[in-house]
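Presented sequentially are two complexes of chain A, the first with chain B as partner and the second with chain C.
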Partner chain A sequence: MARYNLEKQLNILEYALSSLWRRRMKSLSVLLVFGAVIFLLASFQMVTQALSDKARQVLAHTPEITLQKMSAGRQEGIPLAYRDKLAGIFGIRRVVPRIWGYYFDEVRLANYTVMGMAVDEMPEGARLDTALARGTMPGPAEQGRAVIGSSITNALDLAGRDTFSLFRPDLSLKSFVVIGEFSRDTDILTNDLIVMNLADARDLFGIPGGLVSDLCVYVANPTEIETIAKKISDALPSVRVLTRPQIQKTYQAVFGWRSGFGSICLLSALAAFVILAWDKASGLSPEERREIAILKVLGWETRDILAVRFWESVIVSGLACIIGMTAAYVHVVYGAASLFRPVLMGWSVLKPDLHLLPRLAGGDILLILAFTVIPYLAATVIPAWRSATVPADSALGG
Partner chain B sequence: MFLNPWSLALTLCSLVVLVLGAVAAKTAVRVLRFWEPGSDSNRQIRLENEIWLSSTLVAYGLGFQIVTLILFVLAADQFCQVIVGAMCATGALLANPYGMPALLVKLSGVFFYGFWILLHQLDIRSEQYPLVRIKYLALLLLLPLLILDASLQTLYIAGIKPDIITSCCAVVFGESTGTTTNLIAGYSQQGPLVAFVGSIAGLLLAGWGLLRRWRTWLAGLYAAGWLWFFGLSLVVITTVISSYVYAMPYHKCPFCILKPEYHYFGFALYGALIPAAFFGASVAIAGLVRGKAGLGGVVDGYQRLAVKISLVLLVIFSGLSFYHYLKYLISGGEG
Partner chain C sequence: MLIELSGVSKTYNQGRANEVRALSGIDLGVEQGSMVCLKGPSGSGKSTLLAIIGCIFPPTSGRAAIAGRQLARLPDRFLTLHRRETIGFIFQRFNILPELTVLENITLPLLPLGVAPKERRQRAQELLERFGISHRAQFPAGQISGGELQRVAIARALINNQPIILADEPTAHLDTNLSREFMEIMQQLKEAGKTVVIASHDPLVFAHPAIDRTVTIQDGRIHVP
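For the complex of A and B:
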């Protein structure tokens, strides 16, 4: 019995394949449009997923807690003296000051990110050199030394020399010697970055002594982050306390939101395709009516013809999925997602080269299938039934 | 939180299933009103054609429902990344009061659509279509379930706020008694485990007895036994089996076993358990319509087949359940 059923389904599958081949122009047009819709949805999904993976990787190394001083709802410099108020809280491993900001280069119309770090005070500071393609990170005593990201080298045209100058707020010049360059592997973070020591950054931005941009709090035990954050905000009420898990969740929510928004825009494409599929499936030509009538005269039942139509839909969706998802993968990995980059990336002039690697888990494939194949199958089932119930006599009579 | 691809996909699938259900229900109303088996009027011939439409629609609905069931659990697993305090699907599903009910309704939906398709398959084996009225009454009764499913799911998604604090599975299914969020509290592991092994043995014996000589009371007992075993298995998977899969005594979660980290083990486990329970319980459903004209032989054949399938799946399920435990014992663990 089971063997008989299997053989029957295989024969029906074969008939469905030959039937698709006979109407190859019609099948091909549906296949191509379906593939394109899946391509759009899948590449959007893959880009957001790869970006949120990247964000998670990057954020894994941020300090556990970041403190920023707020005044009138805006961020301002935080006094270094606040460090003393944190001294009594157990569980804090280290508090490291940081100065950072954006430097607008009026000649090249680009924004650089300038960061002044106390490398020697950071828990993993000694390992930062591994992120450099050449050179070392500037130490606290070295004045006028900087490490730069790869597109700064191009922007400042530093090919043959290793000194450059930036303007202070009073338009006097401050010069720097390049003592290192970040490796291309960290481009997503360091592409537009200039790193120097705290004193140089303070001098460049004209920040008064005793103030820094923010304080990074390193916590020894990750399960204590929330408790310590609460103690800090009790001790320093005017300070905004950002914990790493909070920032991570915000990123995930933002990427989920962006991807949902993109999906809604693409839903219109999906709707158009479903209408096309419905239309293609309902418009029965006289030849098709005659074909079904002949099958019925030969002893086929309604359910066999429904099975043929079902297999046709499955074959078309399967092929379209393979084409669409492969194209999406190629687009994201080799084409750096060029279609969706403007939507998902920032607006900086110095954009890093993106090397995205989407991770395709079973769940994501199922998500894309649920978005595309289920509406397609639903759109073709009623036309399939209509074609399957064509009365044999009416089609053959004419 | 509707602006998320997972919420959108779930909502889209629910809408599709609702539309299919509505079209099928239209046929059901017409069949219940105008069905005349002896007549050869145009309307009767049209209705006989429409039966095919409705059964195909329910079959598609079942397929889509299975997909949404999986999608729902995976979506909950994604949502936990934005919900404070949640680390897996458990936390995400408990983030508001609609999560668990939505999951249970989806799960029971899979069973009910399956039973409907079974009735349909039995019906078309007989030339008189003896089950048409029962079948279409049942179809109309499925519609409220579909609507309930879609509404619970929509309420659940609408209620997810990224700043709600919820619990992670270590707290919810953990050993610590006294907390109100503990789903399965106060059970010792021994009791359910003994009942689990006993039930497997009982079901195997009953199934073997049925295949040797068919007895109606034993068939009823077998079907009831499967319903009991299904509930018990869900408890045992949560409290005992899952922590052996994770190799962590305090990690007890029925959802994390579905993740790639554990080689999608949960899909194999539930993929054996759910069909097994379906076929086991369907023995009784098929038995209920045995007295209808022309169905005696068909039902007998189906019941024997269903018992065989459920027994094979039971053996697979038991093997999977004890695999990690035995591996743990063999590699030197203490029992």
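For the complex of A and C:
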């Protein structure tokens, strides 16, 4: 009996394949449109996962706790003297000041992120050099030296030279020499970044002495981050205390929100396709009616004809999945997700040129299948019931 | 009797405004190995009677026993299963699927029976050789001649070795030579022990010497002159 059923299903599968081949232009057009929808959904899913992974990987090297002074709900300069107030909190390894801000380049209409760092004071400051493709991070004594992100070279048109100037608030120019460039692997955070020492950043932004943008707190035991953050909050009530896990969650939420928004748009496209497939499957051409009637007179049961429709849909949706997912992988890995970068990479004018490696977990594949293949199968097989119930006697009498 | 109908009636859309009584009080018996022609004008009920004999649907009332099975008691699924084993159909215009090859058309009834590809090809090849069209096996059916098409339709009706062959207006679109050739093949089938029922109003069919009996249908009833 099992052998009979297997042979029967193989025969029906063979007929479904020949049926698809007979209507090859129609099958091909459905395959291409369906493949395109799956490609868009899978690309979006892959690029979101890849960006989240990348962000998590890069954020692993950020300070465990960041302190910012808040006033009237806005961030303002935090006094360097707050470092003394933290001295008594057990578990703090080091407190390092940082000055940062955005510099709007009116000529190129681009925003750069400028960061003044005290690299020598950071516990693993020397390791920052590993994020560079060339050069070293600027030391405290190296005035007018900067390390830049990969897009800054192009934005400032630095080909063939290593100096550039930025305007101070009083419109006087401050010159810099490029002594290093960040690796492209860190593009997600450093693409539009200019790093200099603390004094240069203070000079560029005109920040008064004794104030910095934030204080980076490094702790001795990473499992104690939350406890230490609470102690700092108690000691400095006017200070916003951001922990690394919180920042990581924020990044995930941002990518999640953008991904969700994009997915909703793409699911709408999928819904339109499924409705179209339903509509097509509901209608029956005279040739199809005739074919079904002939098959029924020749001894085919309604369920055999439904099985043909089922296999046709499985073949089309399976092929569309393979084509769509493969194209999505190529798009994300070799095309740097060029279709979705503007949506997913934020507001920056300088879009990072990321080299993403998609992580395609089993759950992601199942999710894509659930949102594409299952609705398509339902949209084609359920209305096929009506077509499969064409009365056999319609093949008789001319 | 291989085919036994007693007081058979068929009403389409029963109880609705568009109710049509297609057959009324049909009594008919056909012995195994005989050839019967159902004669009558278009709309007389020949195709409906053929559909009941062919186990496509049961009669609305009356008794219809085909190869020993009472149709009225059989659910739709079992009608199909009984049809597979018992009836070989030859349609008007032959109803061959033109995009399929000759071989694929002939083996269509075997697919839901779970017959393996090798056996399917073997059975079809035997019939193709018997009817002299084995050289056309891999041709698309839409590209062969009318005479060859007719033989493909007959081969398809015989592929599962069913004891009853039903033909619905088989010569309606054939020229005289092909019609004669068709009847010769039917005669051979009869001689081989098949029971043949042909619905036709073509004199070449109902006046053919191999026909044992002609039943005239008129307005859904058997007309006795």
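Everything that follows uses one rule, which is that the second predicted complex is superposed on the first by the 385 of 398 C-alpha atoms of A that agree within 3 Å, B and C clash if a C-alpha of one lies under 4 Å from a C-alpha of the other, contacts with A are read in each partner's own complex, and residues count from 1 in each chain.
In this text, a contact is a pair of C-beta atoms (placed from the backbone, for glycine too) under 8 Å apart; a residue touches a chain by one contact, two chains touch by 3 or more.
Every value quoted in this text rests on a predicted model; they were computed, and no experiment measured them.
In the superposition on chain A, no contact is made by A:Gly101 with either chain B or chain C.
In the superposition on chain A, A:Ile374 contacts chain B only, with no contact to chain C. In the superposition on chain A, no contact is made by A:Pro79 with either chain B or chain C. In the superposed model, A:Asp393 makes contact with chain C only, not with chain B. In the superposition on chain A, contact is made by A:Trp300 with chain C only, not with chain B.
Of the two partner chains, chain B is the only one touched by A:Leu366; chain C is not. Once the two complexes are laid over each other on the shared chain, residue contacts for A:Trp385 go to chain B alone; chain C is not touched. Taken together, the two complexes place no residue of chain A in contact with both chain B and chain C.
Within the complex formed with chain A, the chain C residues making contact are 47-48, 50-51, 54, 56-57, 77, 80-81, 83-84, 89, 91-93, 95, 97, 99-100, 104, 108-117, 156, 160, 168-169, 172. For chain A in complex with chain B, the touching residues are 45, 48, 245, 249, 252-253, 256-257, 259-261, 263-264, 267, 302-303, 306, 361-363, 366-367, 369-371, 374-375, 377-378, 381-382, 384-385, 388-389.
Per the touch definition, chain A reaches chain C in the complex via residues 3-8, 11-12, 14-15, 18, 22, 290-291, 294-301, 304, 391-393, 395-398. On the chain B side of its complex with chain A, the touching residues are 1-10, 12-13, 16, 19-20, 23, 49, 52-53, 56-57, 60, 64, 67-68, 70-71, 74, 77-78, 81-84, 124, 162, 260, 264.
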